[in-house]
Amino acid sequence: MMHVFPFIVVAWILAVGLYGVVTSRHLVHQIVCLIVVQSSTYVLLLAVGYVTGGVAPFFYDVPVHTPAVDPVVQALALTDVVVEAAVTALLLAFAIQAHKRFGTLDPQELTELKG
Amino acid sequence: MTGTVAVTTPYSVPVPLMDVLQVVVLVLVAAGATAVVLTRRPVRQVMVLSGYGLMLAVLFMVFQAPDVTLSELTVGAVALPLLLLLALAKIRKKEE
Amino acid sequence: MDQLLALVVVIPLLVAAGISALTPVFRTRRRALDTVAIAAAASVTVLLAVLMTRTAHRPEVYWFAGFRPRHGIAIGIDFAVDPISAGLAALAALLVTVAMIFSWRYFHRVATYFHALMLVFLAGMVGFCLTGDIFDLFVWFELMGVTAYALTAYRPEERGPVQGALNFAITNSVGAYLWLSGIGLIYGRTGALNMAQIGRYLTTHRTSSGLVVVAFVLILTGLLIKSAIVPFHFWLADAHAVAPTPVCVLFSGVMVELGLYGIARVYWSMFGAGLGHRTVISHLFLALGLLTAVTGALFCYRERHIKRLLAFSTISHAGIFLAGLSWLTPLGLAGAAVYVLGHGLVKAALFLCVGIVLHRIGSVNETALHGRGRRLRVTGVVFTLAALGLADLPPFATYLGKGWIEDTSAAAGSAWVAGVLIACSILVGGAVLRVAGGVFWGLGDPPAEDPRMAEEASEEKTETDSGRQRTPLTMIIPPAVLVVAAVALGLTPHLGAVVQDAAVRFQDQAAYNQAVLFGRVVAHPVALHPAEPTAITPADVLTGAGSALGALILAGLSLYRRRIPLLRRGPEPDLLLAGPIRRIQSGVINDYVTWIVVGVAGIGGYLAVTIR
Amino acid sequence: MTPATRRWVFLIAGAGLVAFYLWGLTGLPGFGAYPGPYGFIINQVAVGQTKATAVVSAINFEYRGFDTVGEEFILFVAAAGVSTVLRHLRGERERSALDEARDRAAPPTSDAVRTLALVFTGPAVIMGWYLAAHAQTAPSGGFQGGVVLATAFILIYLSGQFLLFKRVSPVAVTETVEAVGAGGFACVGLSAVFLGLPYLTNDLGLGTTPGAIDSSGTIALISFFVGVEVAAAFVLIVGELLEQTLLIRQETR
């Protein structure tokens, strides 16, 4: 059970986030759902690098040969967090402009590019 | 290197206890994600998102990733909700 | 050069940071800003061209911070450069240079942001081409993406750019996160991020096929979205129609093609050997490619907004490139590579000419522009030549690439594929030539007004000062040079042998492994596939000339339809398509993301049933 | 598609997607059984090679430092993009500030909030720098430090001192600082090239004691520049978003 449960949670978060993006009627809500989609990738990355019983990869006061979890996925997740912050900031700026230009935030009513 | 090596360092938690902890936090995270998506009112959703960020931070803690915990706390639970609230404050007027 | 290899990415990044830091200085010195930025892009172009010739016989591998792999295990990030990756990066750098020269007199108001964004975009594209690490590939992909979103919304005071940027950003972000999930999967099994090392693991260890297939599909999805393959293509037309014209040059000319390069890179360095089932993969790519080529061509033919028309032509061509790759043969890859280069040059020239029309006349509506481009003689000539190049007229390099793709299809016993691809070329070329004949030569009658275009009458006004009396030389020389370059590329002696040699090496996963992980160079006899022609055959020339002729005839029929008795009655055939297209291309992000999910589930389902 | 069709199409296709994804996930070695080798090798060699005890920082700033170069520029570009997109709005806002001002008049900040925010500003600055300076030893680094540092500036705003916020972080200066942060990182990497070494090679003295503040060579230096870049980028982004409410508040005073 424990050896697959985190991955089921990963798939659940991804699906729920996508569901939110698809059904959203508000751009800011949609952007937040996109954050949820991305959060599934952090959980996946950290879950695949986990070692049962391992310590965090810091060797300040534990010897170097102590079994530790994988530090690489943590570095990747850190990069991922920055990407999330950057993309979200940019999307919010777009949303503010969209609201200004269209007077609505319902993505289904932004019809400038239909056809 | 792999497998269940029980280590007794200041930071480590016994493996069975850790398992339980992880399952509980994972369930909370899954529920949190669902709650974020299903909260359709933007301002309230930002609050829920902040809570979700906090839960993710706790999850990363029990996944032994203090580095990611710290950045998830600063970004996911504080900075992003702040940006979202600012954007919503800008937008809200016409919504009403 | 050895330690300088990183400069191709670092120069544009540093110059971007530099001009951004010195914003107060550059604000009043527009020409200095232009000069610095153009010099940076040009120097990168030269470095990459040198790199391309240097790697002609052996790949060059560069380990950042000097962390070379030990015992076949990489702990650092590498650049693994071969002629195809360097050549594509050089195309990107060339187009950035050209687009910035064009912008010299184009925008009436530019802050340092535009130059900084363009240079960072260049760095992202070059890093994407050269890296040998799957996560690093993702980082440069994201950098490229985020820059592209910002550039799309460069004129945020209008509705179109804002919506185009939103659609672009959200669909591509979803793709990026699926890709990252794929990386997580493959890393969780192989414990590696270096593509060569992952490829080696997958060939030497028995691995659950489910994991490999799913990781492949997730990574593939991110790249298919970027390369605008049906049903992931919706964002492209939206973004292209609204982005500033010099930016469109890069989107159409090279960014979409980078997505396809990514597919080729990921397939031949990581998954190919481990995944097996070459026929299944081949059929998948072929089906996606043909669907995209046909859809793009139909959408292109009925479009009246010239930038969107060119955007749909890019979608159609992306499909043709994927169909070329789909045979998994060196000839197909070589054909796609040459076609990408030739297409990038002529498509960039076409967009630049549209930019000139916008600058001088202030519209991109084909109906409204009918005959009004007659005073732009030079632009008209360049546009028409580029349109003929797009329709594969020899000696433009496009005919070579297309010819090889058709040859390899025929060699695989599927001559009908070649027929479909030629039909797509005729449709796309006919649409673009129709624009050329109507707008620049005033031939025939104006096409019926698309009701949608009438609503957008005021669009595109603010991008540039329109109504100028003369076309500045900095705006007409770049497209002319690009057209000449496309011809020169087509006439290059021994191009076939050189590119096919590069393609053979690109597809040799074992040799790539050895070069990256162990620093060993495996010698390749050029005549590895002696059955396939490396020279230009008369058939290539004939089909190229034939499709150009077909496109000309189609353009003529479209322009003179109302004067030909047999065709006169009934509504315009291309406008019949407008209804369904309007429903599919809805502009609603929710629909686009739904299509992505449908696409992944479809591709996944197909592979799950056929590979088990 | 209508919302109802879309929902059904999604539910069917999404179920397929999840089933497919789970098929892949079951091919993993299982939770807690990370097979290596990448992470294990780094855990073994990092402390010896870099003298940094925080292995994640060693990866971010050295082994995979090139990723971080790209990552920094993603943030750089996002900040520039936000400025580009909101730039026009700022101009319009100045014209139409009066007619929208009435319902935007935020309630005046209470003294308690102000004092509390100002009290927290100092510690936030110190903590930000502390985090940015201890990449090599503690679970921290330029990124976390930068965000905390940016928070300090935002606290100044929260305390109601928006004019002070404008004064301590004028847009032009922040932009320059941000560019210096991003460019500084790239330059540190370049210094190795001038010595004939591969880009980003750690060419500073590593120190002798793992985990000491002067250990790990360029890791600490890069972390510093990342901190500067991240803090400036966040201040810039938040500033751009704030810019629009600021003017209005002034009007209502």
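The chains carry the letters A, B, C and D, assigned in the order they are written, with residues numbered from 1 in each.
Everything below uses one rule, namely that a contact is a pair of C-beta atoms (placed from the backbone, for glycine too) under 8 Å apart; a residue touches a chain by one contact, two chains touch by 3 or more.
Everything numeric here is computed off the predicted structure, so don't read it as measured data.
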Please state whether A-D or A-C has more C-beta contact pairs across its interface. A-D
Quick check: how many Å separate the C-alpha centres of chain B and chain D? 18
How many angstrom between the C-alpha centroids of chain C and chain A? 28
Let me have the rounded angstrom distance from the C-alpha centre of chain B over to the C-alpha centre of chain C, please. 39
Residues of chain D that touch at least two other chains are 3, 6, 10, 14, 17, 21, 25-26, 28, 32-36, 38-40, 42, 54, 56, 64, 67, 71, 74, 77-78, 81, 85-86, 89, 139, 143, 234, 237, 241
Tell me, which residues of chain C touch at least two other chains? 135, 139, 142, 146, 149-150, 153, 156, 162, 181, 185, 187-188, 191, 193, 586, 588, 590, 594, 597
Residues touching two or more other chains, restricted to chain B: which are they? 1-4, 65-67, 71, 75, 79, 83, 87, 90
Any two chains that touch count here, so list every such pair. A-B, A-C, A-D, B-D, C-D
In the complex of these two chains, what residues of chain C are touching chain D? 3-7, 9-10, 13-14, 16-18, 20-24, 62-67, 73, 75-77, 111, 113, 116-117, 120, 123-124, 127, 135-136, 139-140, 142-143, 146-147, 149-150, 153-154, 156-157, 162, 181, 185, 187-189, 191-193, 207-215, 217-218, 586, 588, 590-591, 594, 597-598, 600-602, 604-605, 608
Contact set on chain D toward chain A in their complex: 3, 6-7, 10, 14, 17-18, 21-22, 25-26, 28, 30-34, 36, 38-40, 42-44, 46-48, 53-56, 58-60, 64, 67-68, 71-72, 74-75, 77-79, 81-82, 85-86, 89, 137-139, 143, 210-211, 230, 233-234, 237, 240-241
For chain C, which residues count as touching chain A in their complex? 135, 139, 142, 146, 149-150, 153, 156, 158-160, 162-167, 169-170, 173-174, 176-177, 180-181, 183-185, 187-188, 191, 193, 237-238, 241-242, 450, 452, 578, 581-582, 585-590, 593-594, 597
Per the contact definition, I'd like the list of chain D residues that touch chain C in the complex. 1, 3, 6, 9-10, 13-14, 16-17, 20-21, 23-29, 34-39, 41-42, 45, 62-67, 69-71, 73-74, 76-78, 80-81, 83-89, 172, 175-176, 178-180, 182-183, 186-187, 189-190, 192-193, 196-202
In the complex, go through chain D and note every residue touching chain B. 32-36, 40, 54, 56-57, 100, 103-104, 131, 139-141, 143-144, 147-148, 150-151, 154, 234, 237-238, 241-242, 244-245
